[in-house]
Amino acid sequence: MSDRLRPSSDSTVVSEAVTLLERVRATPPLTHCITNAVVTGFTANVLLATGAAPAMVDIVGESGMFAGIASGMLVNLGTPTPEQRAASREAAEGASTAGTPWVLDPVAIGALPVRTALAQELVALRPTAVRGNASEILALAGLSGGGRGVDATDSTDDAAEAAAALADRYGSVVAVSGPVDLLTDGERVIRIANGDPQLTLVTGGGCALGAVMAAFLGAARATGISALGAVAAATLVYTIAAERAAAASGGPGSFAVALLDALAGLQPEHLVAAARIEESSR
Amino acid sequence: MSDRLRPSSDSTVVSEAVTLLERVRATPPLTHCITNAVVTGFTANVLLATGAAPAMVDIVGESGMFAGIASGMLVNLGTPTPEQRAASREAAEGASTAGTPWVLDPVAIGALPVRTALAQELVALRPTAVRGNASEILALAGLSGGGRGVDATDSTDDAAEAAAALADRYGSVVAVSGPVDLLTDGERVIRIANGDPQLTLVTGGGCALGAVMAAFLGAARATGISALGAVAAATLVYTIAAERAAAASGGPGSFAVALLDALAGLQPEHLVAAARIEESSR
Amino acid sequence: MSDRLRPSSDSTVVSEAVTLLERVRATPPLTHCITNAVVTGFTANVLLATGAAPAMVDIVGESGMFAGIASGMLVNLGTPTPEQRAASREAAEGASTAGTPWVLDPVAIGALPVRTALAQELVALRPTAVRGNASEILALAGLSGGGRGVDATDSTDDAAEAAAALADRYGSVVAVSGPVDLLTDGERVIRIANGDPQLTLVTGGGCALGAVMAAFLGAARATGISALGAVAAATLVYTIAAERAAAASGGPGSFAVALLDALAGLQPEHLVAAARIEESSR
């Protein structure tokens, strides 16, 4: 990681992460997830371990009204069946109408046409946050043909301009995942260098972070903490838990188990001690 | 827990649980599950660990005939896509025709209209058992608007009358989950105070119990053990395994793993030693 | 196991397994899985632990073109919704056109009519490999009414002739799973006696092997290693990892976790030391 990304416990980002983690645990945000068939169980378990209350309501006739009840929402396009595509549109409109913050995760767009078209349609509804790897963010901004399925073939910094362009165009916070995560609202740029490579060996390792972002956006409502602050807080909590899990595991199976334990046991002082953050203006 | 819910190893409920656990392991009941997309894998693993043979057949054109082949069946309404709704109707009719015992789990009904209508339709087909949290049971009985998604906002005792009313109306055993589980056939009431709070931190912690109930109802066929006895046996086995798992785990991730190990290793003497049961008449 | 199935480290099968495991890790084959809703997450985690790059693209309009991009593909019929049935046809045609090797796993065919008809349709597209238990292979060859759901009611040797007949008819390698796995291309027959009974207590324990076969078929392209060699290599890697996992676990929950760790940690010398193989001509 960059030398500049040294431990930085005096950051506002860290103090906001501590505040939001405590809020999530005190008043579990009802977190509505429309997500892909591969990661539903793991995503729900990550939310429960973090302290949030997951609910997966992905059918037409329910997803829109539930978006209005929920504290935060995730729409992940990993396995978008026709029913889920219609339910995603209904949910995004429901969230927009109700003012529910929501996260769009445009999994594997670029090469695959059905989800690419849906992602373009949904991003125009101005999600509170967009989360993806560099290839997905480039594709969403119209700057690349996309990666090879779910794997990024571009680096996080390659996607910095695309992230800023999306943030400007849709008013969304954009989070680009990678060895160093890059988050921006178009004005501020936050880089976070926490995490562990084993996250890429657990299916849903990235998708579940999108759900945690939705939970933290829900917890941030009426706190004065910005959407960028909430997304950064979720990233810190999740990636620092991953570091703690990696230290306690012997492979990707035990790492996934340890990640849930680490999320449930994460304490404010862990965030303060481990955060590796760099902030800058665009 | 209530003082009255002391260890009660001389109970008929416990001896029936011992009998049925041994039957499940000796002759694995083919347990047909139509369940939600979040918990399919965990549910199947819980059944396998307990000794049963899971099968998930949730498409139109197969679910009804398979309900006739199966020993027991679960219909869980957690993520009811149109295909699953049609397959659930077909399966419930198939089970009724064949005399296959079946369990209805009306997940998150009340606030969500599509599943609420489906649950009303299915319960009219007289499931052998209905399993839900207090809010879901109240909603199914028409006494409440339901909880907040999957979380109960009412207590088990609040739902005691609703449970009895449902039992009377449909001839079903009704199981209300909570810190103390309440089970009734409309005549007898059994309260079970086993379990562990960590079950609420694992997605499918409740849903999987519905599947175990279906397996035990299957194993109870032609034994003379009542449906109430089978549902109570399943509850005891599952919640006592959860207690043993909690003692061996360090968080919700390792708890879920330990629960499967504990189910596979559960012995009759564990049931006898740990059961906390109270029986009464209505 | 048969006396003849002694450790056999000098086998070509073992050396090819070593070669392909190294190739999978060096250049992760993009492995396209259309699989059942119960095992998606576990399957993806098994592929990641082995070293492959999973992607689940099971919707119409994407599955066919993605079959052309992928290195290898699996079509598993465990929960074949209408959308997945159409996507499977599209994918099988896409793989055939592009020359992408693919595996058909006809889960629970025989008793269940929708998937049985689909399996007959897909096998006629000449999959590179077919994987199933003895009952499924007999049913696919038209020689039996099939098993009881996902459980085989016939032995591996009972299915040897059916496997050879399928191999002759469709040019496929046929893999019959059981305590001793039987693999054939119609000419050679390989029996592998590795594995552990706990694989049958983890849902997806067999299904995930089909995905590993698809990954190894992908890795074998342009190596001169035959499809039979690739399928045998996948079987060896997976079942020897299972043996190592069994030695490190205390029940089916911890076994599943340990299997992922063992796959990630598997070394060539483990294959050489543990392989129990018998080869013969038909």
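Read from first to last, the chains carry the letters A, B and C; within each, the first residue is number 1.
Convention: contacts are C-beta pairs under 8 Å (C-beta built on N, C-alpha and C of every residue); 3 or more make two chains touch, one makes a residue touch a chain.
Just so you know, these numbers come straight off a predicted model, no measurement behind them.
Any chain bridging subunit A and subunit B, meaning touching each of them, is among C; the list is complete. Of all residue numbers that take part in the contact between subunit A and subunit C, under half occur on both sides, making this a different-residue interface. Overlaying subunit B onto subunit C using CA atoms gives a rotation of 120 degrees, to the nearest 5.
Here the spacing of subunit A and subunit C, counted between their Cα centres, is 34 Å.
In subunit C, 37, 40-41, 81, 256-257 are the positions where the chain touches two or more neighbouring chains simultaneously. Contacts from subunit C toward subunit A in the complex involve residues 30, 37, 40-41, 44-45, 48-49, 53-59, 61-62, 65-66, 69-70, 81, 83, 256-262, 264-265. Those residues of subunit B that touch subunit A in the shared complex are 36-42, 78-82, 108, 111-115, 148-151, 200-204, 250-254, 256-257.
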